[in-house]
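Below, chain A partners chain B and then partners chain C, in two separate complexes.
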Partner chain A sequence: MTEPAKEEPRRRIGVVVCQCGGNISDYVDTEKVRSEIAKEGDVVSARVEMFACSDAAQQNSIEEIKSKKLDGIVISSCSPKLHLSTFRAMSSRAGLNQYEYTQANIREQCSWAHTHDREAATGKALRLVRAAVAKTAKSEPLEKMRVETTPQVLVIGAGVAGLRAALSLSDMGITVHMIDSADHPGGHVGRWGTLFPNNKVGKTVVDGLVQDVRTRENIMLYLKTELVEKSGRVGAFNVKLRTGNGAAIPLQVGAIVVATGFEPYAPQSGEFGYGLPGVVTLPEFKELLGSRSNKPTYEGKEVRTVVYVYCVGSREPAEAGNPRTYCSRYCCSATSHVASVLGAADPGLHQFHLFRDIRTYGKYETMYEHALQSGSVFLRYDEENRPTVERDAKGLVVRVKDRLMAGEDVEIRPDLVVLVTGMVPRANEALTRVLKLPLGQDGFYREAHVKLRPVETVIDGVFVVGASQGPKNVAESVTSALAGVSKAGALLLKGYVDLDPLVARVDPVACEWCGECLKACPYGAIEEVTYGDKQVAQISPILCKGEGGCVPVCAKQAVSVLGYTNEQMLSMIDAMSPGIPGKAGAPSLIGTTSRKVPVKEGA
Partner chain B sequence: MTAEHGYRPKILVFSTNAISDMAIDLAGSSHMDYSPTVQTIAVPCSSGVNPRWVARAITDGFDGVFIAADGPECSYLSDCVDRTGRVVQQAQELLRAQGIDPARVKTAALCSVCSEPFVNHMKQFGKALAALPSAGGK
Partner chain C sequence: MKVDPDFLDTLRLGGEFNARQCINCGTCTALCPLGMEIMPRKLFRYALLGNKEAVLKSTEPIYSCLLCKMCEANCPGGVHIAENVRALRSYLNAEVLEV
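Moving on, here comes the complex of A and B:
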């Protein structure tokens, strides 16, 4: 945007200073803030309200907007996390564009933090309000972008989570395209025997779902198929699938549910004896058992003594740069369950559990008790003093220092050692690149917010469910899958979606295409276009996430995020400055905006 | 601003809407005391802070700028830490070019409930700033 004339027309901004029933006015002189801010050139109305968010006060604000023909409003009150949407809606009701509203946080970030210094708190409040006025003076009306949605979903992964998601989406009348890179559906669960807590056989559970899927007319299952391209935006993604025989299938879908699951941790050779005959992982043990519940055999020989080593590959020390610092959640319960089933069927079977901590949380606690009651012995080892697994002439030998026996050395000679391995993220690099999904530190897909926006990602319309997001047991995976279904359903059944307009924008006059912003954008929102006789960057407001990663890389200061433009930010900084500039001819490297707010030392 | 307990450096904090600003809100909600000469501007993500804004704050009279970064929890960018680091570097170069001590810019990741770390950062950074010779150009 080019710099407007210095004597630009005044804005007509209204300011409300909220007392919050004393929460603000006990520590900040709200009347002083009001009278000082009223002197600002762009401010045509300044009021104090006891509760700015009350119906009566909102009505006052609406009348003020209408009668004084306000073109911007600042409410100085609590954190915008609390009432930004309240006051945006209020502005809309008054006929004022909601993006001409700015909230100044003078409660959480002022009155409540500075309760012992009224004068200083009042000064700070005034500067915060002044900055909000300065920002509003440079604001512009913006509209949410309404885009239509296609009622079809791509589900990636036909494991228990993906299958369950597909069925529930189908129930909603949404067409599902489900892909899996394997040649059969079912994922890990389809290979497992009895599952905790209800002894259902994994294969039976999955077969039931698959059968149901095959009867649905609105579920298409593509096996040995991968997603190779994704473009478009929420509600209308253009995707391209590639099947095993190389055929390309183009589709348009409104949302994508990622249910790619996990990989069992594969121990290093020699890690707790892995690689020795008789040392297996928990998933290998589960496959070995199949659906039997007694008399396990290993290589044709009956197993009489089993040692389980817990936390293999999980809860590793962070120092080594190891991403597997997390608990894999399901393993303690799964092992307690296996042991209680085997122990109940065959009380003569010796089972030793070498654990660090047992986390059979919630209802699964009873399985740990069952395991104990059915004869399992639990020995607690220290992280620093891990058990060793070796093989000598007589067979396997496990040595462990038992913490609860004051570090006593215990030696066990088992027929089989089961390494209770956790979950690691699937190796999905190609898919992650296509979807442009962020990963967490642990390598699993990252949710937009762990508590408030589970299963959502920063890519609107792409949801991560099941163990693709982090270790989960079957029940948790399905719960997560259904959460993804409800988000996708809510998105698509309405038929349209409104997108936030606070995204990045390029000033094509200032831009001299260099490609730096393109490199900085992980969302594919930027493209090179012709503008007059030069090449410039153009940003898709629908793909842009508005985080501003492209802003600092632009040498020409040509990119800014709406609501946070260079002009807005610089005038906010000036307005809340302590000293104040007066430094005419400030070095040009600091930016082109030369608007300086008149010096008014607060309070 | 004069204060009874001596010189209180003026710090401008850039926080992030989704993460670190929550921590600063929480510091206030918990009535944790920090200097009223600390002021905050919230932006979407710390990787989007323009180094020129930082330099402008210092030449406007702030003693220091603290970028309360998203850190590895950033939901937008998995390399947010590196990007924010580059923003700080660039800002420090701008300051150096004007003969201003680059130690006036500091960053640290703040999680959404890191209210105590925030207050400690403000105390430590304030102390460090108070120990510096006065700002370039002042």
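Moving on, here comes the complex of A and C:
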């Protein structure tokens, strides 16, 4: 008995079917997948491994790549999010171009998703592996692009986060250009008195940092200066600054650290009595106190009774498109701190805190306890029954329903009402436009991923730190600044950066320049150039992220993403679909629908 | 209720009234063998908020207290409840009963 003769293989592809120690093989018949895929024309070896990622299995794969002279490998295992880089590195070690490796996800997408149906899970796994083989059969070797980096950083904002970032970058031997739109460095912190939790004075902290900055030869501080232009790519941005007197300064920097900070929320006139004499915000109260810690006075009169109203401007209901639904994090701690400092210095001072929830998280809880012990009284109010602040002939009067007394009406006549206001994003439209930075729902700059890629943005080499990214206290702001510093340092100190070659490419012969791709590109990677006697699109492989938005909008199918070309995607669909009803004569997906072609390997 | 901040100062001068650590959990009231609604959580809340009227109206509960310290032994905030009741009594002795 002889097997039917195989076609002469065009490619020499190896397939590994991983059992993931039962995670896959309990629900997918891995042996059946292996024996079926071995019949594919381009497949010259197919084997099952208990753990394809184990050292021993990787060694087997390397041996096989070498001995069978494989020019492509498919590993059907878990999500590429987990092991794409593992197996790419393995391919490189075996002398196979890492972009000739394809991962088929038969764990998350088959065995974990279809535990109830072994046969269907096996069938789906086989289709996914066939698609991966089809894609690999049309793969081409690609090389990462190595570009040089400039060891200089632009820090935008000379507040506490920016100053700290500049000093740390300077420590690493990186030249820093720091700009600020104000005529003096220091930001908000310089105007505040005693800071929590260490009772340091804001001005002292900032003055120390500024003094240190001024002694550094590799930190250039430009005041009353704005960033007006940015072009180039990670490692070599061309930026243009404009100074207060209109002079333009062109620079080349390798990375940009955005530390533009926040604005304190400015209550509307009449909001909790704001605008009445004796009603101030927390930052105004801090300025009023300065560095003193007892006997606060307001307009020359000693203050004996203070009422704090919490959550002013924060945690608003989401309706009416209000972006201020977030908690500003720092205000509860800051107010508890102020109250405990004042209360400890003067036990006769009466302080009433009208709060919704107290969020003195972490070790700041002790400041709340100190505030309680130093005589502060906390009254909880409902979101629906907010306190009112009015002024009559006898002075200020605050009314609140105390939840701890079942909503009993409480009337207080304070000398001063402090509205505990949160943080709002700075009005930075011009800068946001120049940097093309995306904003989050709350209007602050958005990180690429809050846990996996903090302080990074979707634009390589541009980092958002401090309160520009979201409300933070001083310690958190500085921590975030240092995170940005280490990311920028890691990027620049190496001297070069290797970029992924999985980027879009234009076929200038097919391109007729309509400009649709330019509109679809969020990275500014596409430009119009002359090609022979016509205009065509050209894509910078360095700016391109391989996002693929330009591919489906091209009427001429002139754009494709390397590693995920139109031919590859079509052959994957063909390989996946035998036996699916309605497949015959179905229109090609590309060019006929607006559906985007998936471009990055992901779960 | 109108807050009278000076009332709390008066209480403090008269004795050792101090319920600052009170977190209003109500453990004291749940454990109180007298079962009087105002004792002791609400009473202390009134005192903390400087509600003189409510304290003056509570003469009976304040004197009913057995000083058994069941509440105090179980107070998570460590408030010296019995001491505070004594402080309130000494205030009432001077102000109301004039003894």
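In this section, the second predicted complex is superposed on the first by the 567 of 603 C-alpha atoms of A that agree within 3 Å, B and C clash if a C-alpha of one lies under 4 Å from a C-alpha of the other, contacts with A are read in each partner's own complex, and residues count from 1 in each chain.
The rule is simple: a contact is a pair of C-beta atoms (placed from the backbone, for glycine too) under 8 Å apart; a residue touches a chain by one contact, two chains touch by 3 or more.
All values reported here derive from a predicted model rather than from experimental measurement.
**Q** Output check: A:R446 vs chain B and chain C. Expected answer is one of first, second, both, neither. What do you get?
**A** Touch status of A:R446: first partner only.
**Q** Taking the superposition on A as described, I'd like to know which of chain B and chain C A:V410 touches: first, second, both or neither.
**A** Only chain C; A:V410 stays clear of chain B.
**Q** Counting only touches as set out at the top, which of chain B and chain C does A:M576 meet: first, second, both, neither?
**A** A:M576 contacts chain B only, not chain C.
**Q** Which partner chains sit in contact with A:A113 here, chain B, chain C, both or neither? Use first/second/both/neither.
**A** After superposition on chain A, A:A113 lies in contact with chain B alone.
**Q** First (chain B), second (chain C), both or neither: which does A:V561 touch?
**A** In the superposition, A:V561 touches chain B alone.
**Q** Between chain B and chain C, which one contacts more residues of chain A in the superposed model?
**A** Touching more residues of chain A than the other partner does is B.
**Q** In the superposed arrangement, which partner chain does A:I249 touch: chain B (first), chain C (second), both, or neither?
**A** In the superposition, A:I249 contacts neither chain B nor chain C.
**Q** After superposition on the shared chain, which partner residues are touched by A:G549: those of chain B (first), chain C (second), both, or neither?
**A** first
**Q** Answer with first, second, both or neither: which of chain B and chain C does A:M172 touch in the superposed model?
**A** neither
**Q** Sort out for me which residues of chain B touch chain A in the complex.
**A** Residues 1, 3, 10, 12, 18, 21-22, 24-29, 31-34, 36-37, 39-45, 47-53, 55-57, 59-62, 72, 74-78, 83, 86-87, 90, 94, 97-98, 137-138.
**Q** Name, in rising order, each residue of chain C that touches chain A in their complex.
**A** Those residues of chain C that touch chain A are 1-3, 5, 8-9, 20-21, 23-24, 42, 45, 48-50.
**Q** For chain A, which residues are in contact with chain B within the complex?
**A** Going by the criterion above, the answer is residues 79-81, 105, 107-117, 120-121, 123-124, 127-128, 131, 438-439, 441, 446-449, 457-458, 502, 520, 522, 545-552, 557, 561, 564, 566, 569-570, 572-574, 576-581, 583, 586-587, 589-591.
**Q** What does chain A use to touch chain C in their complex?
**A** Per the stated touch rule, the residues are 304-305, 348, 350, 352, 369, 372-375, 377, 379, 402, 404-405, 408-413.
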